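Here it is, the structure, as structure tokens.
We just call them A, B, C, D, E and F in the order they show up, numbering each chain from 1.
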């Protein structure tokens, strides 16, 4: 019988009796926010839970990894002003993560991985993972959405630099996983007219401008949604789930040098 | 074409264009916590989302009501000490509700209903609903799980007084909705040995003792799970969805006297 | 010599030397808020302290129970917009309760009861009592004002459903306890025109709308203040103090099954 | 008819109709904490409310000043470790003051004075008064207990420097105001053995050591309680109420230069 | 070799190996805020760090005292409305102090002194020092700017009462320590037109009005900056550093009576 | 006369009168934390302020950029357990940044750049920059220390992957800027024995383990400090200041597309 991968499908006594080391509990963290005229606001939560489900299905039975129900809402204030965007503050999302981590610790687990589906959550999750490691002693990990947005097919330089939201990659993934929720006839192509200078500022990274979507894209799209296809989505998914399965396996048995 | 009841299946432009009054947005709030040896820790979140889905399916098309993705975790500290119980603090759950309500308000909606699946959330949701009404101006409503735990069949006096968790009612509902997650061979019958006095103190209400599950039940059960059946669950569900559909319809057009 | 029922009348050495088990410390929690044109804004704090004083006077000497000075202000934001309403936030009132509970615990007591005089405090006190039980280990209890607003005389169905604030019951109690503060010539009768439907929504309980007073009552009254009398107040008081004395006695020796 | 000095004795309509400028609302802030073997833990709250009541009784009718119910608990963590000491944190007491000030502002008043009965509250009240002035625009004032602890009779140098708690002054005041709560047979004389140096550090002021009572006084007394008398208390009270009445009158018509 | 007085110039191993008792760690706390037309907004931070440096240079080698880098920003909301004023809230400054104190404690030190350069910080630092003493067990001290604003030369009664900000004293100190930052041609003389009454209210102390600078001084000056000179600054500095050196020495070996 | 680059050297009237657009205010954010046996705990604060000073000195006069005094302490809890490490929490550092940003906004500036000297601050600053952009409307920027830790000379692959703290780069910079604070005789070479797998987890980035220094390095060093030299430091500094000057110039005139 295969391992039950959904921790909350078990009773408390079954959870109590699980062998927990090696082992890792995985918390998906999504977002509900505008994704252009053609994608549902559910996109990030839908992708993170579906990619995780596909990944878990590929894990060998000997890898002990259990997924929790998702935190369906993330920090999405960069998309405020677009109806349907739902946003938690950094402080509140941080508190949610700490309190769920404390519960994971109390159950006797040693490792917790945040499986993140939204770029706007990255800073909050990175800070929380560190602080949970320091205060609770759990070994904490972050797996960010760049891991499943890395295309195994060629894309344009514009898409590589600016195709970060509701563009070719994300649209392809939703086409592969939930095509009934995509309105491709509304898909657009839009790249922000970001200052291109001798001193490049980026939207993320070591020299960055804190941006709001409405500063740069009236439709909410950054990228070329019209280039998306279900085939590209399937290719992304296959690559990502293999990579993620290896990472989860490695995390489940991760140990520090001076523990 | 029937109305799309899942708000996050829509794009931001579709949400922008929805006629919003009359209308109500519904936020399911669940919990992940011990439910005895025989039920999954997911029970409350599973029930609240499934009951809501069944209710929405029965709503007439002219009722404008849209469900948000669930807040999957609630305030469950009465069940701490049982592995698998995941609990948010009152402060954090309150913050989650306020911030999601602010997003609902920003999208242009006038009414928000909390659809609650867990007794331990009641006080937090009642306080938050009031405060959201006062600070954001949204009309806010609470629908608590007692609405779908009111059996249309006879139960014993013990079950009526003490069958509040993982007993006949909840077990029957999970048997009706997700039987593969129930381990009936582990079901037990347990009533707390609560002081019975000339001056009755209860577990809730106007004269109450703040209880922890571990104070009163080693298995985590309050009630008679062995009396549960899928048939009883189906009967509960039928009664509840009809009642809840009427309540949601009434809420969608609720107005105050001096608005 | 009778027991000194007011804990703060004792010196720290006397408090240190009290036998504390069985025993309970009682914290009155009131409110200062509009109570219609005829009652003082002090009404809730006045009633809760006076009812408690009368109750303590009826306690047998062998019951060990000590009252603390009142928390004079509660959560009254449902009455904002009416001058003289003073309101603490849920977060602040919660913090007050936790910190006073921690002081009670440090003094060596095992039981703490909140003696509440205001409906708007109920959710906050219920949540705080649970959380204090979980975090401090104190046995915590709530006694809500419904306990002394339960008339031993017949009232109309409208009064029973909607007479919740500054109506027949509260006005009668103030007439009995502080008649000099009542301006009966200003007393009015007002019931909110709450939607009455096939699916009844109430102002409290399992299906409720979060209401503000100004939504429903220009005078601030919910009920029939003109029906009040000092005789009714005296009858309410006699019934209530007997019931409350029994509850406090039971609480003072309350033990859990698996302590 | 004399002015009703207790604001909460009025109905909301009466409060709405008060002429408010000139005028000041006064919030007494007390403390419940150890006061040696001979005084009740209620001492500070008892003194601040009684001194205020006496002061109000001496105010000319043309001075518009109204007292609120007291905040009965203060910040008393310097006395922790002595049973019966009840302490709010600085953050919580600050929040209480801000929220009550916001309610005072909403009622239409322009001035708020904190009438403080406890040295441990001074820093919190000073900071809160400033911040309420800055954020709410209320004109805010502090009247600290040194105003009524300034003896009109000779005291020793030791008492002047170190008689700060439960000594000659406070004991005399309680003897004058509530003699039945004093156990003079338990009164002691104790001065802390504070380092006396070429570079004097004090317990307050520009060069100070943050002290806890238990660091310096096993009985909780700083001063000579045995030197107290009801006559001294009456003299203190007479001096203080005259001075405080003048201050409250001045505050009630205080205006800034560039308002 | 003289003792290295700047703690952060040492490596962690050197800090680990310091003999720590007797000994004190000193945290300078400044402010960046308007100081009239003639002084830099840096004034308070500049003075507190410079005065401390001069004081440390005068400490005998056997006194173990180490200075931390300054908290450059303080609570300056009394000066809001004047561009260049930077203000932390009371809550945030309090949190900074607690967290730095916790780090000092973790390093093994027993004593921490706040060396304060701004009157608006006094209440926050006094409260924090007490709370750090109570919660962390560190012996905590406050040295406030009045210690170095006490002139060894005659000043006018107006200057003594109202010369509290950017007047003769502070301007003289900056002239002595950083004359290149003073624009004496812009120096003004201004005393607030504070109500002078039979019942004097002051800007600080036992009977005070919470003031904002803009209420009383359009230039931001309280005092006579035109009376300042570098010579007066040098005299202030000489007096202050001698006094502060003695205080720091006393603090470094301070012990309580019942430790 | 060259522009005064230190904002706090100006008076409030000078700040009021500055032309502010184009223009940017720069807030250096450092850290005080262990940097191995050979570097001072001040390293990050020292570097960030010195690199900024050098950069400002290279800015053309027409670029309007002003530096604020540094936030000397950062979030350094990854180095707890090493004496001398001083750490603010994420919440407190976030609050500091928001409050200082609000002051910058009130002064009339349009752009604020965080000039960061510590890797442990990155997540907090990224989140705060976004939130300040969203709530205050300031255009907010992050410049992280990787910008000045990018060597213009060859380094080993180990140093590139793991030389992140107190290794060749940072040691070289301190040797160039404050050689008197370096104890090169204590310099060590240490690389963490991080799991090297088919599925690489890193210390930062899209798949990461939240690490504590004590998990991986008993000396606190990650990298080869013995390879450092003042010449390398000078080369790093020259490259960095040129790059940073270009970035600051670009930021000072940054505009969004749909402002």
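As a working rule, a residue touches a chain if its C-beta (ideal position, glycine included) is under 8 Å from a C-beta of that chain, and two chains touch if they have at least 3 such contacts.
Since the model is a prediction, treat every value here as computed from it, not as a measurement.
Enquirer: Stepping chain to touching chain, what's the minimum from chain C to chain F?
Expert: Graph distance in the chain contact network comes out at 3.
Enquirer: Which neighbours does chain B have in common with chain E?
Expert: Intersection of chain B and chain E contact lists gives nothing.
Enquirer: Return the chain whose centre of C-alpha atoms lies at maximal distance from the corresponding centre of chain D.
Expert: A
Enquirer: Centroid from C-alpha atoms only, then distance chain B to chain F, rounded to Å. What do you get?
Expert: From the centre of chain B to the centre of chain F is 48 Å.
Enquirer: Return the distance between the CA-based centres of chain A and chain F, expressed in whole Å.
Expert: Roughly 28 Å, centre to centre.
Enquirer: For chain B, give me the residues that contact two or more of the other chains.
Expert: Residues 80, 89, 91 of chain B each touch two or more of the other chains.
Enquirer: Looking at which chains touch which, would you call it a line, ring, star, complete or other?
Expert: Chain contacts: single closed ring, each chain with exactly two partners.
Enquirer: Spell out the part of chain E that touches chain D in their complex, as residue ranges.
Expert: Touching chain D: residues 75, 77-78, 80, 89-91, 94, 120, 122-124, 126-127, 129-134, 139-144, 146-147, 192-193, 195, 197-199, 201, 204-212, 214-216, 218, 243, 246-247, 249-251, 254-259 of chain E.
Enquirer: Which of the residues in chain B end up touching chain A in this complex?
Expert: Going by the criterion above, the answer is residues 6-13, 15-16, 32, 34-42, 45, 68-73, 80-89, 91-92, 95-96, 99-100, 103-104, 106-108, 181, 183, 186, 220.
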